[in-house]
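After this come two complexes, each holding chain A, first together with chain B and then together with chain C.
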Partner chain A sequence: MNNPQQDSTDVTRKTLPPDGKVNNAKFKINLFVLFPWFKKICKWRSIQFLLVFPTMVIFLFFLYAGLFGSRVGNRNIIVIFVWILWWFLLITFMVPFASRVWCFVCPFPFFGEWFQRGALIKVRVGKMLGLRNKMFGLNKRWPKFLTNIWLQNILFLAMCTFSAMFLTRPVVSVLILGGLFVAATFLSMIYRQRAFCMYVCPVSGFQGLYAMTSMIELRATDKEVCRKTCKTKNCLTGSEEGWACPWFQYMGKMERNNYCGLCMECVKSCPNDNISLNVRPFCGDTLIKGYDEAWKSFIMLALAMVYSVTLLGPFGTIKDWANVAETGNWKGFSIYAGIIWFTALVGIPFVWYLASRLGRFLSGTNEVSTKDIFIRYSYMLVPLGLLAWIAFSFPLIMINGSYIISIISDPLGWGWDLVGTAHVPWKPIFSQYTAHVQIPLLLLGLYFAIKRGYDISLTLYQNKSRAARSLIPVVVVCTAMILAFLKLFTG
Partner chain B sequence: MKSKLMLICVMIVLVCAIVPLFVASSSGGETKEFYIKARQYAYEPAKITVNKGDEVHIKLASLDVIHGFFLEGYDIDAQIEPGVQGFKLRHPSEGREFADVNEIVFTAVHPGKFRFRCSHTCGTMHPFMQGEMIVNPNYPFLAGVGGAVGMLISAMVAMFVSGRKDKNLR
Partner chain C sequence: MKFKEILATISVIVSVIALPLVINWYHESYVLGAYPEGTKVITLSAVAKGGAWTLDKVDGTNYWWKDFKPATINLEEGDKVVLRFESTDVHHRFYCPELNIGPVEVEPGHIVTAEFEANEAGTYRYYCTSMCGDCHFYMQGWIVVTAKGQPPQQPEEIAMACEQHYEKPPKKDMVTWGKYLYYKNACISCHGDEGQGGVENINYIKDEIPAHDILAEKLWLKEKEHVDIFVDMLKKRVDFEDLEEEPDIPLFNLVLKQYNAAKDLIRYGKHCAKADAAGPEPPLQMVSWQALLTDYDMDSIITYLLMLYEWEDDEE
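Presenting the complex of A and B:
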């Protein structure tokens, strides 16, 4: 089972490519070299606080608006700004182009981290738990059996089962977001560093998976410097310059974006100035390490399909099932929830397993196990799923974007007109062209799925022909999935 | 060799995406009538299909609260009150007020899939209340399917060629 806490220190041999190469990027540009002023900003101790604090204030205002503002979703800022604007920006721009940059400014761990550190900006030096920083709270270790992303998988699936409610009801949004906020604070008092972000936060789970595609990565410039020259490992243990990595990462071995929250503490604490912020090609990381990450890709794909059917489809009955709070149709809701959970946890994984078995058979050799084919090829669903989510999210903003303009003037739906835009009528923005945006996105997802799948197959097999034959069934499955999305969106 | 193979793959995808556009045909010019009933949060029928060139007549009714009927791509926005004969219609691009009408009449000139959605806040799920109008031949869909199938074929070709090359080297 994958252990994100050891992501940088324990790459399991079973799923590691023969050449040890887990990063697919052929060229990289170090932004810290290109823009030295940007590195200075990242090293500046106050930067995170200056960005998180406004986000925190806005977030608290959203909670207030959700509790005391209009009960109508499209007249309340929490629904429009979080589930339409933020979501669109997160999935379309932040994750693919800037990895987990959202985690850098996320307000959820604000109070918890403040409590742990006893400081908003400065670093406390001390000796505890093998770290060189002093931290408050119980500082317990996260239970070992939960050091994976299964909890995030289940929580995200559970949360999304009730999506029709929180997407349309401000109070339910408050319950979800406020609940996560309280949980983050509470868990920070008990467990070390960002245990909540690593193992609990449902948003963090899919961000980590899709951050593998991101065109940004934070890495050690020269890993040999970390391994041979660096004796202190400040990135992992902290120093007077920076906090120990809240995500438990050691830069000397960090190979993937999955569990790097881009907090920039390692940039501050590295005594060898050995950290780079690289621009790299899309889908740079290609190593799925365990079943938990593989299942995350299945869950995300299943949810993209379910959302597309429920929210973008014309199917009134399914909407009635999902909207149980209003219809009271618990039987329908049970069917709806059952379909979601079955598709995500059993249906798609089973099809993938069959394709993996068939692939192994077609390869004509037993040199690679079905398990390795199953896990490693599941990466193909990462670009495919991400692009499907982006294709799903574009219509949301094209159709409901005009609500953003009116909500700015009347964020609580109280009849205000702060900047004179409250009465801007609802008007879809070029919504008749959504298909023209969605089709290239889906095809791009398929292209990257096949391309990276082939790259992965070459790391699994010595023989190109065997590698290709092992890939055929999963490529067919990926194409079938894209055809299903095409039918839903444009057919 | 690699760039030649790449070119072949791109050509396969393009051909697969374009050929269906020439093959697909539909006989338009007929009159199609629909009676669409709106309720929280769906239309009945939820999907209507016409051919390019058809004259489309749509009558609307609401079964519960006030609903809207915004047909994307056709500059049509209607407001339907329950228990009232007829409904109100406007063309958003002309910026005029709603006028009382008994039916919407237009010619399906743009092929593809167009959604009609509620434009009058009607309840919690209002932003997701929508139906579909398919105007055949649905070129975007056909091109998309062709492109995906083309990608599958070109992937097979590329893998086959690369596998054979590997075999020859050995």
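Presenting the complex of A and C:
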């Protein structure tokens, strides 16, 4: 089972490629070298507060709007800005181009981190729990059996099952977002650092997985400096310049984007100035480490499929099943929920397992176990799933985009007209080009799935032919999935 | 650093406290306060659940549990009024024919306004005239205009409130099933308790909604035994188009014609004609039920209404 806390401390697992590299990006540009002023900004202690504070105020405004504004979904800013605009920006731009930059400005842990640190900007120096920072709260260790992303997987699946409710009911959005906000604050008082973000936050889970594709990474410039020269390991333990990594990462061993929240504390605290913010090619990290991460990729793909069928497809009955708040059809909703959970947790994984077994058989050797093939090849569903989500999200913004314009003027649906756009009528934006956007995205997803799948196969097998043969069944599965999406999107 | 920390802390605390205050201040000052001085601004929220135009603030925190009551709007003669309508759920239509307000289309989540001057003292009934749900027909209330210096008049009570929880009887008994449908579908709100009619419909050519407890008479069923025979045929689902033998009911063709007319009225609805062509549209209209009621349902309602007729006791 994967332990994200060990992500930066355990790189000697069996599933590692023979050369030990988990990141196959050869081309990298260090933005800190290219733009020294940007590094200065990142090292500036106030920067995170200055970015999170407005986000937090906007978030509180959304909660207020959800509670006391119009209870009609498309007339309330919490629904339109969170589930349409934010989601689109997150999945389409932030994650693929800027990794987990959202975690840098996320308001959920704002109060929790404030109470925990007893500071909004400054660093408290002290000595506790092996750290060089002083923190408040109980500072307990997160239960060992939960040091994986299974909880996030289940919570995300549960949350998405009720998506039709929070897309139409602002108060349900408040319950979900406010619940996460309260949970983040509460857990910060009990557990160390950002245990909530690391193990509980449903948004964090999929961000971590899809951040593997991101064209940005924060890494140690030279890991040898961390391992051999650096005695203090400030990134992990903190210093008077920066807090100990809230995500429990040690830069000397951090090889993937999955559990780096880009908070830039390591940039501030590194005594050797050994941190780089690199631009790299798409799909730089390719190592899936455990079943929990593999299942995350299955869940995300299943949800992209179910959402596409429910929200974009012509199936009125399924829409009615999903929209139980309107229809009150709990029997239909149970079927809908059952389909989601079965597809995500059993259906796709089972097909993947069969393809992995067949791949092992076709490879003609037993040198790689079915388990390793199953887990490592599941990475192929990361670019595939991400691009499918983007392909799903484009029509969402094209159809509902005009609501954003009117909501800016009347965020609570109270009859305001702040910037004179309150009465802009709903109108789909360039919706005639939806398929033109979706088809290339899906094909790009398939291309990266196969390309990276092949790269992974070469790390598993010494022989190129065996590697290619082992890949055939999963490529067939990926192609079938993309064809299903194409059929659904283009009719 | 200490100064920055204090400044940051103050910023957070102030913004958390000030946020709701600023929102409400803006709303009161720049939205509600934007109307000319002396104007009475009244916000009416339409709630399909329960059927009410309410003066209460309706939002996500109270919609689910609160029992919203139809508003009585009290005004004084000469008041200049702006009514701000908002729908909290589905499409509604506000209509107060006697004050010449509306019909105002009220889309969910949009605020629309209607302005008027309360010139004459009186009680004026308002309605929702867009089929908005199970409680649509109960969505009525009063605008009461009182002479200056006088206490507000008490309007007559709106006949009844929407009751959505009728016990569902077995479908096979047409009379009880018809009664259930008559009450559940709010036929009672216009046609009165037990089909007595008498509900006023402004500028309607017949003034009032006709009674239906005399449906037997309207169908030319002059004897109780004729009604029993006809109801029996309805229960047996006899095909009136393909009768082998005509029943023992006088003027049966006429009865059949009237029965079909009554059923068509339920099926397709009817536009209520104006008494004064230049006057307002009558607010109460017979809607089409063909999408909601089956053929059996319609026959059940007719059966129930036929059974309401009070026969003189022949034996006496």
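Quick note on the criterion: the second predicted complex is superposed on the first by the 490 of 491 C-alpha atoms of A that agree within 3 Å, B and C clash if a C-alpha of one lies under 4 Å from a C-alpha of the other, contacts with A are read in each partner's own complex, and residues count from 1 in each chain.
By definition in this document, a contact is a pair of C-beta atoms (placed from the backbone, for glycine too) under 8 Å apart; a residue touches a chain by one contact, two chains touch by 3 or more.
Since the structure is predicted, the reported quantities are computational estimates derived from the model, not experimental observations.
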Joint occupancy of chain A by chain B and chain C, clash or fit: fit
Contacts of A:V72 with chain B and chain C, given as first, second, both or neither: both
First, second, both or neither for A:W414, with chain B first and chain C second: second
Which superposed partner A:K464 touches (first chain B, second chain C, both, neither): first
Chain B versus chain C as contact partner of A:I154, first or second or both or neither: neither
After the two structures are overlaid on chain A, angle v-u-w for chain B, chain A, chain C in degrees (C-alpha centres, nearest 10): 60
Which of chain B and chain C A:T490 touches, first, second, both or neither: first
First, second, both or neither for A:L442, with chain B first and chain C second: first
Between chain B and chain C, more extensive residue contact with chain A: B
Chain B versus chain C as contact partner of A:P314, first or second or both or neither: first
Partner chain(s) touched by A:V174 [first = chain B, second = chain C, both, neither]: second
Shortest CA-CA distance between chain B and chain C [superposed frame, angstrom]: 6
Doubly contacted chain A residues - partners chain C and chain B: 72, 74-75, 169
Chain C-facing residues of chain A, complex: 45-46, 49, 53, 56-57, 60-61, 64, 66-72, 74-76, 114, 119-122, 169-171, 174, 412-416
Of chain C, residues touching chain A in the complex: 1-2, 4-5, 8-9, 11-12, 15-16, 19-20, 23, 26-27, 31, 57-61, 63, 84, 86-89, 108-111
Footprint of chain A on chain B - complex, ascending: 39, 41-44, 46-47, 70, 72-73, 92, 110, 112-115, 117, 119, 121, 123-132, 134, 138, 140-141, 143-145, 147-149, 151-152, 155-156, 158-160, 162-167
In the complex with chain B, residue positions of chain A that touch it: 72-75, 164, 168-169, 310-317, 319-320, 323, 325-326, 399-400, 426-428, 431-432, 435-436, 439, 442-443, 446-447, 450, 454, 463-469, 471-472, 475-476, 479, 482-483, 486-487, 490-491
